[in-house]
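Take a look at the structures listed below.
After this come two complexes, each holding chain A, first together with chain B and then together with chain C.
Now for the complex of A and B:
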């Protein structure tokens, strides 16, 4: 029953926030998100203690006619990690933007809470139809958020994003329906899907896999389905960009791991090489583009494509270590990119620009800020002793040991991505923090208290998980 | 059964009420009471008359599904009258007659849902259509309304001829009008038992039904008629009328021609593809929201054709759900259109700031039309697609349909973008009263409820 709260608190909190006046809206949202975090924390605790399994599973009749049930639960470390990431991200975002000015705060925070509900649902649904429902529900509030808040081109850009993902999810729906018709007892449960998938012939698995993978590839995004992403990241307001990049991207990876590979195993084997090649192309392509960006938001957007590409390649290496590395990285990437967006948000707030060429010399005026910037950026390039390193190492190991004829060349080319990452991230640090102070940056104020609080938390997470990666790896070992 | 008689009598009553009541308010009130009475009589048919019922010399056969369908379309009709009764009365001077015609249309709908004889089916379609020709032209001063009426009438007369020809051929082949009789059913047991005469008859029936439900390539009348008809009547014509014809369509084809579904499924499949393609693509290019809704109703008909195409029980459930959800969602959108001074997309700019309730409920209705989860529209589409996948072959058409659904999201979301994200002062003809706002909310709440628990409808 406890797990039901993960959905109920954000839902009720969101609805309540819509009704609270704008000046108080952030408090309702913060309280509900902290409530969710507490619930997620207790589930984490109980899970690691290996007890009270019934506390984190819930099952009820939903639509009797078609055998759809409202089944949610956390039965593996991946779901738990994603729930933790979601539960952690929202209070951080809320506290961070607490002082920022914004129109219609109650609408903003209400939609954010609803997005959190959708995301939670995706990660804990164990019924395919429920999963699909949450998948779409998560999209709608984000669509409204991105369209209402952000840059001048936001409406068109967000619409492109929406159409892309909507097409993808509809294709996924067809695939789910087909598998559903081949389950023995006409059920949407994950188990029966896996069983039905096992009995499907290779011929149908091949095209079913395509339909589903397109949906997930758009969400991640994997080259060549990524074209919506840089625009959307650039034009959305930073809190929304965090939801998009730290959390929604993980929906795609999560779905591949839980709903795609176990269900359509033969199809996954068949497409494995193609997808790894696409992912690696994506890594190099996105890294090259990141190097020439002058807009800091676009730079981070492309860097995110590169990172996700590596995770996807590692997942499809079908090697245990690679998959575990991808899971570790899913969590850590969420933390790191959230930190980066906070940094960007501070820069954008104070300098009113996203152009890297107009920044410079911030290290002299704001040393604390620069420490945060450097540390989070280093985590982004996966320097040892930061949280990014372990996952990246495991992923490369996985790609290298993949059952693919191209494994060596794939690893080498993907390895280029790491070097490129160092190039663009370090040059970003240089352009932002070093060089001469210009008129734009001379009055740059150092971190305020709540900004400091949030960034220190993130830096702590980066370092702790860098020193003790076993905190995560223990969770996922063995499943 | 009772509903057929009651609706006809109430129609006559409404017609004469114009003589006794001088004030339009009184007539509207009477219409509301009469609709509630009609709803009660359909409920009586559904829940208090035991089992399926045959009457009128075996020409009418009301089974449980049809009775439930009658209840639902009557409830939707009540919602329609509640939402639009003022606008109906404002169309012209003959308000009593307008309401009377609505009752006659419903009488035709009940006949269509419970016929067991091709003659009754024909009667039903005619009783359903003729009042619409009048309603389409009810705004006599308006040339577009006249055009709509004339166009509808001419095209409708043609399709009636084709329908009759089809029935005649079927009669010639089987020797009976009664679709329950042995004579009739034996003709359609298998492909071998079927004569080419009845094959031609079936094809003609498909054309005639296709015309009535505005399926391509028999859809050309639809945009002009829906656009020219006074906005108060368009929602009724585009929804309740259309879904009633769909029920007759599925009844005839699944009950009587089910065993020989190979002969007509391909035709339906081609119709689905054409309808979805033409409806959706053309809707994208419309400037006026009302005209967009006309094309979207073509596209939605394309989706409902899946119910005919897929020969299994899921498609029956799907049709029921789709009918209700599509009807209510269209009402919600038309409720906004009818309030707008400028019915183009620009006219909706900034509606969210001026009328938050109307904008929010319209957005929910549009989301439902687009088939987004959490609204009834999702499950409506879900059931029909599921039925088609269950059919087994032709998955391609399902993939095509979902791509078309994505295109439909484009033009539905354009309205949402106008209302929420664009600045402007959407000018209204009249601001919604608080009673109307409550109705909008109820309408949207039903859609969301059906999106959470579609099982509620599938008794």
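Now for the complex of A and C:
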């Protein structure tokens, strides 16, 4: 029953927020998100103690005559990690933006809470139809958020984002229904999907896999389905960008791990090399693009595409270490990219620009901010003893051990991404913080208490998880 | 005591945290706290060292701290390995590190970022200690990247100067290129053998019949890593630029930490390299080439720190030559002596720079020996030591390397002669530096002349200590032929895989070679004396000299072959593939849908009859499909 609260709290919190006056809206949202965090924390505790398993599984009648049930549960470390990430991200976002000015706060916070509910649902649904439903529920508030709040080109960009993801959703729906048709007892349950999918002939698996993968590839995004992302990141308001990049990106990876590879195993084997090659091309391609960006948000967007490319390659290495590494990284990347967006948000807030060439010298006027900038950036380039390292190390090992004839060249080319990441990330630090201050940056204020609190939390996570990665790896060792 | 070895890196880590977090409150005490942390490490290292020394046969002591990665098929502990090799490096790092810390208290006293500087220094030492203590390649790699990070932070310490921060970035990126090689070596090892522990791997390599091409591949990958960190061709260009950092940082990078990492790593991996003769050959050739190229460049530099920087690159070349012929002890020996005299020379140059108010161009110095006696004398000792004049330390270690090379295979004598050429240049450029800086008349401004002064005691004491070490350091490895018993060799035998020894050179040959080496050193000094005892600035460089002065145009070469094409490629990606390729395609689809739906909208005419008509057509179409599919 406990697990039901993960959905109910954000849902009720969101609805309540809609009805709260704008001035108080952030409080309802913060309270409900903290409530969710407490629930997630208790589940984490019970899970690691291996106690009360019945608390985090729930099953109820839903649409009985077509075999869809309301089944949710956390049975593996991946789901738990994603739930933890989602539960952690929202209170951090809310507290961070608490003081920012914004129109229609009750709508904003309400939509955010609903998005959280959708995300939670995606990560815990064990029924395909339910999964699909939550998938859409998570997206809809985000469409509204990115079209109502953000930069001047936001309408066009959101339209593109919408069309892209909508196409993806349709492809997914078609494939889910096809597999559903082949289940023995006409059920949407994960188990029967796995059974049905594995029994499909190779021919059907190949095209089905294609359809579903494109759906998820758009979400991640994987080259060449990525062009909505830099635009969307650039134009959306930072809290929305965080939801998109720290959490929604993980929906795609999560779906591949849970709903695609275990179901269409033959299809996965068939497409494995192609997808690994695409992902690795994406790493190098996105890294190159990141090196020539002058807009800090686009730079981070491309950097994120490169990182996701590595995760996807590692997943499709189909090697134990690659998959485990990708799971570790899914969590850590969420933390790091969130940190980066907070940094960007501070910059944008004070300088009113996203242009790197108009920054500089901030190390002099805002040393604490600079420490956060440098540390989070280092985590982004996977320096050892930051949380980015262990996952990346495992993923590379996975790719290197993949059952693919190209495994060595794939590893080496993907490795170029490691070098390029150093180039663009350090250039970013240099352009933001080093050199002399200019008229833009001379009055840059160092972190406020609010910002300091959030960034210190993130930095602690980065260091603790970097120094003692067992906190995460223990969760996923079993599967 | 060996079980408490984790205290050695712990002290600098605590020092880093205290000085880093309390940087605004501590003031000048930060320097003392940081120095104290290193001193504490040094004391523990000494205790550890003597314990190891007294029980040399017992083998390595493994100290398991916790499981770092512990998942499925990957079990990598956070563990330390204490043996002769790591304990010797502990001593170098903490000992010289401590002197550099002391020196910095005075050197950096007027800098705004005083406490920050010391926190970085502590972190640097911590990373380096991790590197040499790690019991497996992953922990080594953590330290390996850690020193890369610290060098980045320290080279770019004066961050307001954008060129300095670019130099810092260059150092980090070049190191990362090497690191990728190291990483791939690790992947190779792990994927084949499933472990990264030195002890297990050593057994696997010495007893197992591994594929020679696999061994060579691992060895070469690791060597790529070493070329980055230890500034060998082709990744050496970051080191001379690294002098953008404050001078004590250069001393730390060039002597106690960082650049010795590659030598350490290959010595640690001797069980791999002794089975990979082709890889050794590559190391020998690269080492020799680096020694020569860097020496030629050093002869034509006018920045006091640049001369020293290229000299480090060249000396590292010597160490790699030693590694290439499997003379690991000789390489470590040279690491030790080089650490003494190179730290001395860098700190000495810092003292000079301090005295002339930040000037680094030796053309604007001269005649400093009268006003800075201690600096001059210690600098002189450093120069004699590096030139290889007995009985100073550099003689013994360089001599040992050259002996091994002479005795190595068919081309040994060729390599030896070329190495001697590099040695000749070493003596020449070092004494050129000495004469131009300290002899003749002062060529700086009147203002500078008035302010010429010897540095304070906190700076000169480390110089004196290092000078004593530079004189006496060679006695840890006096060869048999001179009546010694080579203490270092005996100590290190425990960590090296035994290889069949070639026939020793006869004592007569050894004496002759030593004689030639000394003679060559003296010739170099004499040439420098003739050319530079009275320096005049008219000494313009032409022809080949310009080529050397411009560092063989290697930076320019890299820019035009790698950096610029990569940039162009990225711009091409951005403009043509991303914007007018993929994105245009996507937008095109979007537009088509928009236009299409505008047309389709007209179908919604509101006429029920028309709807019925469409419905019927739809049903017919479905019917046809049904027939078609079921082949009725």
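Annotations
Assume the second predicted complex is superposed on the first by the 479 of 479 C-alpha atoms of A that agree within 3 Å, B and C clash if a C-alpha of one lies under 4 Å from a C-alpha of the other, contacts with A are read in each partner's own complex, and residues count from 1 in each chain.
One rule holds in what follows: contacts are C-beta pairs under 8 Å (C-beta built on N, C-alpha and C of every residue); 3 or more make two chains touch, one makes a residue touch a chain.
Predicted model, so just to flag it, every value in this text is computed and none were measured.
When both complexes are overlaid on chain A, chain B and chain C end up clashing with each other.
Legend: residue contacts after superposition of the two complexes on their common chain; A:132 is shown touching chain B, with no touch to chain C. Of the two partners chain B and chain C, it is C that touches the larger number of chain A residues.
By the touch criterion defined above, A:401 lies against chain C but remains apart from chain B after alignment on the C-alpha atoms of chain A. By the touch criterion defined above, A:262 lies against neither chain B nor chain C after alignment on the C-alpha atoms of chain A.
Looking at the shared chain after the overlay, A:159 reaches both chain B and chain C. By the touch criterion defined above, A:170 lies against chain B but remains apart from chain C after alignment on the C-alpha atoms of chain A.
In the superposition on chain A, A:151 makes contact with neither chain B nor chain C. Once the two complexes are laid over each other on the shared chain, residue contacts for A:291 go to chain C alone; chain B is not touched.
Across the two superposed structures, the residue set of chain A contacted by chain B and also by chain C is 159, 163.
Of all residues in chain B, those touching chain A in their complex are 314, 317, 367, 372-374, 378-379, 382-383, 385-386, 389-390, 395, 398-399, 402-403, 405-406, 409-410, 413, 417, 420-422, 453-455, 458. Residues 62-66, 132-133, 135-137, 140, 144, 147-148, 155, 159, 162-163, 166-167, 170-171, 173-174, 177-178, 180-181, 211 of chain A are the ones that touch chain B when the two sit in their complex.
Listed in rising order, the residues of chain C touching chain A in the complex are 66-74, 138, 141-142, 145-146, 149, 152, 156, 159-162, 165-166, 168-169, 172-173, 176-177, 179-180, 183-184, 187-188, 190-191, 566-567, 569-571, 573-574, 577-578, 582-583, 586-587, 589-590, 593. Chain A meets chain C in the complex at residues 159-160, 163-164, 224, 227-228, 285, 288-289, 291-292, 320-321, 324, 361, 363-364, 378, 383-385, 389-390, 393-394, 396-397, 400-401, 411-412, 415-416, 418-419, 422-423, 426-427, 430, 433-436, 468-470, 473-474, 476-477.
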